[in-house]
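Alright, structures below, take your time with them.
One chain, chain A, links the two complexes that follow: it is found with chain B in the first and with chain C in the second.
Showing the complex of A and B:
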C-alpha cells in the first residue's frame, strides 16, 4: 500500500497539468468529506436539531398532555404566562443563587483541597481515590440516602447534633428557610472533590522549573498561589467553573429526589419547576420554559468563553517580547 | 364467613414461611431473589387447585404498575396462582415508583406505546386516558361471563365500581374501562392507644380535629399530633380537595350539570384551606414536604399520631412494616360543620385497563379477570387470590373479601365505613390532574407561609379558569 502511494504522487506532480483536474479533485474531496460527515450530521439532526425545532414549535402551542384534541397555536402566550408567573421568577432567582453559591463554595473548598493533595505525603494516592468517591455515586441513591439522614425527627444528622453535641435538632429539608441550604450542603459534598481533582491536575502540570525558580526567589505561601499557581492554571479554573455553572443551572436529580421543589416553593429551581409543568400536562408551557433555560445557559457559556478568550489573548500578548 | 378459618390458616402459613426464610438468615442476594411477595404467592399457589387449566394459551403479558406493596407486589403475589391456570403464559410485571409512574403512563399512552398489555393507573387519570383514546371497552370481553360480572357488580360498591365507567357527565355511564381489585378511600388514621389514653374520641368535625391535636401534641417527646402529605403539586392538592368536599365545596358549581364555573374562592374553599393552615401548628416536621410514603414512615415510627385525611394504605396494619400495626386504626374523615358539610371520603383507587395499543388482548383480559375474581370457585375465583393481594400488602375493593379480613386489618374496617360516603377523588374530566396539581402548588405555598389563604384561593381559581378555557369548556 505504502509503495503504491509513494509511486502515484510523483507521477501526478510530474505530469502536465490537465485543465479541470484540480476542480474535480476538490469536488471529489468535498464529496468524501460530506460522506464522512453524513452519519454525524444525521445523528445530530435526529437527536438535537429535530427535538429543538419540535420543542420550539411546541412552545407556541397549547398542547395538554391529557387532552390532545384541544392542541392549537397560541403565539407568544406561553412566554407571557411565564413572565407573569411569580413562581417562574422565583425559580430563576433560586437557580441563579444556587449556581453562584454552590460553585463559589466548591471552588474555594476544592482549591484548598487541591493544595493539600498537591503536597508530597504518604498515602496521597489513596486519599485522592477516596475523595473522588462521592462524584461516582448515583445522584438518586445519594439523594435518597441523604433524605433519610436529614429526616427531622429520627434522622442520623439530628441524632449526631443532639446526642453527640447536645445541640437542638435542625429542620434540614423540612422547613422553607433551611431546605435550600441543606441541598447546597449535599451538592458541595458531592462536587467539591471533582473540582479539587481537576485543579490538582492543573497544579501538577506546572513546570517544576517554575516552582523551583519561585522557591529560589523565596516566593511562598499565599503569594506563591496568588502570583504563580492561579495565573498559570487560570484556563483550568475557567473551564471547571464553566462546567460546574452549567451543571448547577441544570440541577434536577438532587433537587427532585430530595425536595421536589418544596417545602412550598422554597427549593423550586428551574428544571424541577419545568418538570412540574410537564407533570401537570402543560406541554407548550414546558417547552417555553425549556427554551428560556437554554437561553440562560447559553448566556452563561458565551460570557465565560468570551472571558476565557480575552484572558488567553491578554496572556499571550504579555508573553510576547 | 365460611372461608374465614381457611383464609386465616393460609395467611398465617404464608407469613410463617416468610418468617422461616428470615430465620434461616438467607444471604441478601437470596432474599432479593425471592422477594416476600413472590414467596407468599408461591406458598399460596401450593394450595391452589384451579378448576380449569388453559395450557393451550400462550404468549406474554406485560403489566405496568406503580411499585410497592400495594400494587406491583400484589400482582407479583397473585402471579404464581395465575401461572397454574395459564401455565404457558409468561407474565411480566414492570414497575416504577408511584410519583413517576402516573405521569409516565400518560406519556406512554400519549405516544401510543405498545409496550404494555395491562396497566394499573390512578382513577383520576382515566378521563385523560379516555381523551387520548387509550382505553379499551371491557364490555365485549365481559359479555361471555354474565355470572362473573353480576357477582363482581354486587360485591364492589357502586360508587367505587362506577369510577371506571367512562365518560362521565349527565349521560349514563359509557363503557367499562377498567376493573379494580384494589380499593381505597381517604380516611382518618389515628393511634387508638393514644386517643384512648387521652380519653378523647375520634374527631367527628374539623373543630374536633383541632381540639384533639391540641390534646395529644407533645413535640418535646417527639410525638407530633398531626401529619399529612403536604408536598407541593398533587399531594397537597388532594389534601385540599378532601377538605373542600367535606366542607361542601367543589371545584365547579355543578359538574354533573356541566356548569364549569370555577367555585374554589368561596366560603367553603376558604374554610377548607384555613383548617389545613391551622393544623400546621401541630404538624410533624416532615409534613411540610411529605408524600404518603413519608407520612406512613413517621406513622410507623410512632413520631406522628394522627391524620384526618389520608389514603395511607393497609401497610400500617402490616406487622412486617411497623410494630404499631395493632394501634393504627382508621375511621371516617371529618365533616365540615357548615350547612353543606358532611363526611365525604375521596376515593383513591387504581384501575387495570388494557391499552388500545397493547397486544395479547384475550390473555390480558383473562389476567385482569383473574385478579378481580372473588372467592366463588364456581366462577373461576378463589379466596387465595384475595389472600395473596392482602398478604403482599394490597387492599381490596370487594366487600366480601374486605369483611373476611377485617378482624386483622383495621384499615379494612375503615374502608367499609368509608365506601357509603365516598365521592370521586377529582372532577371526572381530562383536566383533573392539571387542576389538582395547580391547587396543590398554591396550597403548599399557603401552608408553608409563602402566601396568604386569600392569595392562594385567588390563584387556584385563576389557574383552574385558564385550564378550562384552554380546553374549551368556557
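Showing the complex of A and C:
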C-alpha cells in the first residue's frame, strides 16, 4: 500500500497538473481508481458471479444430494419438469400476487404514516425512531412471535378480536383461506415503517419556500399532497416501489418461519418452494428454479423501469406548451 | 379550532406507534412469564410473578451462549472485511472520475437483488468440498459477499455528499490518493462509515437463509438457534421469547444509537 503512495507521488510533487500533460495525470488517476476498485470487484467475482455461473451449470444437471455419483447433464430437463409442474406455476402466481398486494398496501399505509409523523410536535423524533424498530429486527424472531400471537385458541390476536371487539375468533395461519392474508399482515407490519421513513425523508427535503408558496396560494389538505408533495417526491416513490417489489418476490424468511408454505400449498411462494426442492435433494431442479426466480425478478424490474420511462416521457410531453 | 385538530392528530400519531409496537412488547412480556401463564387459554398482561426461568433455559437447553458467540464472530468479522473492501471501492466509484463510475456502482448494487436461493446452492457445494459446512468461516465468507454490494452503495452516497474542494486542494498540495483517503476522507466521512458498518452488521445479524443452509449445529447463529425452540409437536414459547429478546435487543439499541442517521442511511441505500 505504501509503495503505491510513493509511486503515485512524484508526478504530483511537482505541483499542480501541468497544462502540457493532462492525459498522463488522468491516466494515473484512472489506474489508481481501478486499483482501489479491484479488491472489491475480485471478491464479488469470486463470491457472487462465480456462484451464479456455477448455479447456472447446475441447473442443467441431475444432481441428487444424497447420491452425488449419478450426477450428469440432462439439458433442459429440469426446466421442462418445472414448467409441467402445476405447483410451480401456483407458486409463481402466488409470489406475483403477494408482491403486488403487499407493496400496494405498504405504499398506501406508508404514505399515511409518513404524513402522520411529519409534524412538529414534541417527541416526534422519538416516534419516528420507535416506528422504525420493526424494520431492524429479525423476521425470524418476530415471525415466531407472531405465530404465538396468532395461536387460534390462546393467542393475543384472537383475544383482542373476541374480548376486545366481541368478534368471532379467526383462523389466522391455521386455515388455507386465511394464512396468506395473515402473512401479508405481518409483512406490512414490518415494512410499512421503512416506506414511511423514506417518504418522510423525501417530504422533509421539500424546500420551505415551496411549502410557504403553497400556503399563500391556499393549497391545503389533500390538494397539497396530490398536487405538490407527491409530484415532488415521485422519484423517491418509484425507487422505493422497485426495491420493495424485488424484496417481496425474494421473500423467504417470514414465509419459511411462519407457514413453511402451508397449510397445503396456500402460502408456498417461490423461494420456500425452492427450499423444499432442496430438502428433497434435487439440487439441479433447485438451481433451475432459482434461475427462474432471478429471471422473474429481472422481468419485473424491466417492466417497471419501462413503465416508469414511458410515463416520464408522457409527463414531459404534456408539459410542453 | 385548529389547535384541537392538531392535538387530535398528535394523539393519533402516538397511538399508532404504540399499537404498532405491541408485538415487540408482547415478546418481552412473554419472556418473563411462567410457562403455565403462557399456555393459559387467555392472555395475561400483568397479574403474574415475573420469572427468569426462560432466560436460563435458553442457555442450558438450547446452548444460546454458543449461538450468541457465533453471531458476534461471523457478523463482526464479516462486517470488518466488508468495510475494508468497500471503502476504497466506494471512493473510486464516487470520486475518481472513473469512466463509467456510476455503471460500476449500479452493477455492484444489482448484486444486492440476487435471490438467496440462487447462490446458496453453489455456496453449499463449495463448502462441502472444502469441508467448511457448519463452520464460522463459511458464514463469514458468505456474509462478505452479501454485505459488500450494499455497503459500497451506501458509502458512495455518503462520499458524494462530501465537499470536493478539500480533496482538490490536498491533491494540489501533492498528497497521494491513499493519503487523501486516510487523512482526509476517513475523518470527514467517519459518521457515514459508521452508519454503513452498522447497517452491514444489522443485515448479517438478522440473516437466516444462508445460516440455515450452511450451518446446523456448531456454527449456528441466533436466528437458526431460535428456530430450534420449535419442533413439530411442541413450541416452547417462553424459551423462544427469551431468545428473541436477546436477539432483538442489540438491534433496538442500534435504532436508538442511529436515530436521525437511519433515515439518511436507508434513503441512501434506497435512492441515490
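The working rule: the second predicted complex is superposed on the first by the 266 of 321 C-alpha atoms of A that agree within 3 Å, B and C clash if a C-alpha of one lies under 4 Å from a C-alpha of the other, contacts with A are read in each partner's own complex, and residues count from 1 in each chain.
Please note the rule applied: a contact is a pair of C-beta atoms (placed from the backbone, for glycine too) under 8 Å apart; a residue touches a chain by one contact, two chains touch by 3 or more.
Quick caveat: nothing in here was measured; it's all calculated off a predicted structure.
Applying the stated contact rule after C-alpha superposition, one finds that A:282 touches chain B and leaves chain C untouched. In the overlay built on the shared chain, the residue A:153 is in contact with chain B and with chain C. In the superposed model, A:216 makes contact with neither chain B nor chain C. In the superposed three-chain model, the partner touching more residues of chain A is C, compared with the other of chain B and chain C.
By the document's definition of touching, of the two partners only chain B reaches A:66; chain C does not. Of the two partner chains placed by the overlay, neither chain B nor chain C lies in contact with A:318. Of the two partner chains placed around the shared chain by superposition, chain B is the only one that A:260 touches, whereas chain C remains out of contact. Of the two partner chains placed around the shared chain by superposition, chain B is the only one that A:87 touches, whereas chain C remains out of contact. Note: residues 153-154, 278 of chain A belong to the chain B contact set and to the chain C contact set alike, using the contact criterion stated above. The touching residues of chain C, counted against chain A in their complex, run 6, 9-10, 12-14, 16-17, 20-24, 26-27, 30, 39-43, 85-86, 88-89, 91-93, 96-99, 101, 104, 108, 111, 113-119, 121-123, 125-126, 141-142, 144-145, 148-149, 152, 171-172, 174-179, 202, 205-206, 208-209, 212-213, 222-223, 226-227, 229-230, 235, 237, 240-241, 243-244, 247-248, 251-252, 254-256, 259-260, 262-264, 266-267, 270-271.
Remark: chain A residues 1-2, 4-6, 8-9, 12-13, 15-16, 26, 29-30, 32-34, 36-37, 39-41, 43-44, 47-48, 50-52, 54-55, 58, 113, 116-117, 119, 121, 123-125, 127-142, 144-149, 153-156, 159, 163, 189, 193-194, 197-198, 200-202, 235-236, 239-240, 243, 246, 249-250, 252-253, 256-257, 270-271, 274-275, 278, 283, 286-287, 289-291, 293-294, 297, 301 touch chain C in the complex. Across the complex, chain B meets chain A through its residues 99, 103, 106-107, 110, 125, 127-128, 131-132, 222, 224, 230-234, 284-289, 298, 301, 303, 430-431, 433-434, 437-438, 441, 444-445, 447-450, 470-472. By the touch criterion stated above, chain A contacts chain B in their complex at residues 62, 64-70, 87, 151-154, 171, 173-176, 179, 259-266, 268, 276, 278-282.
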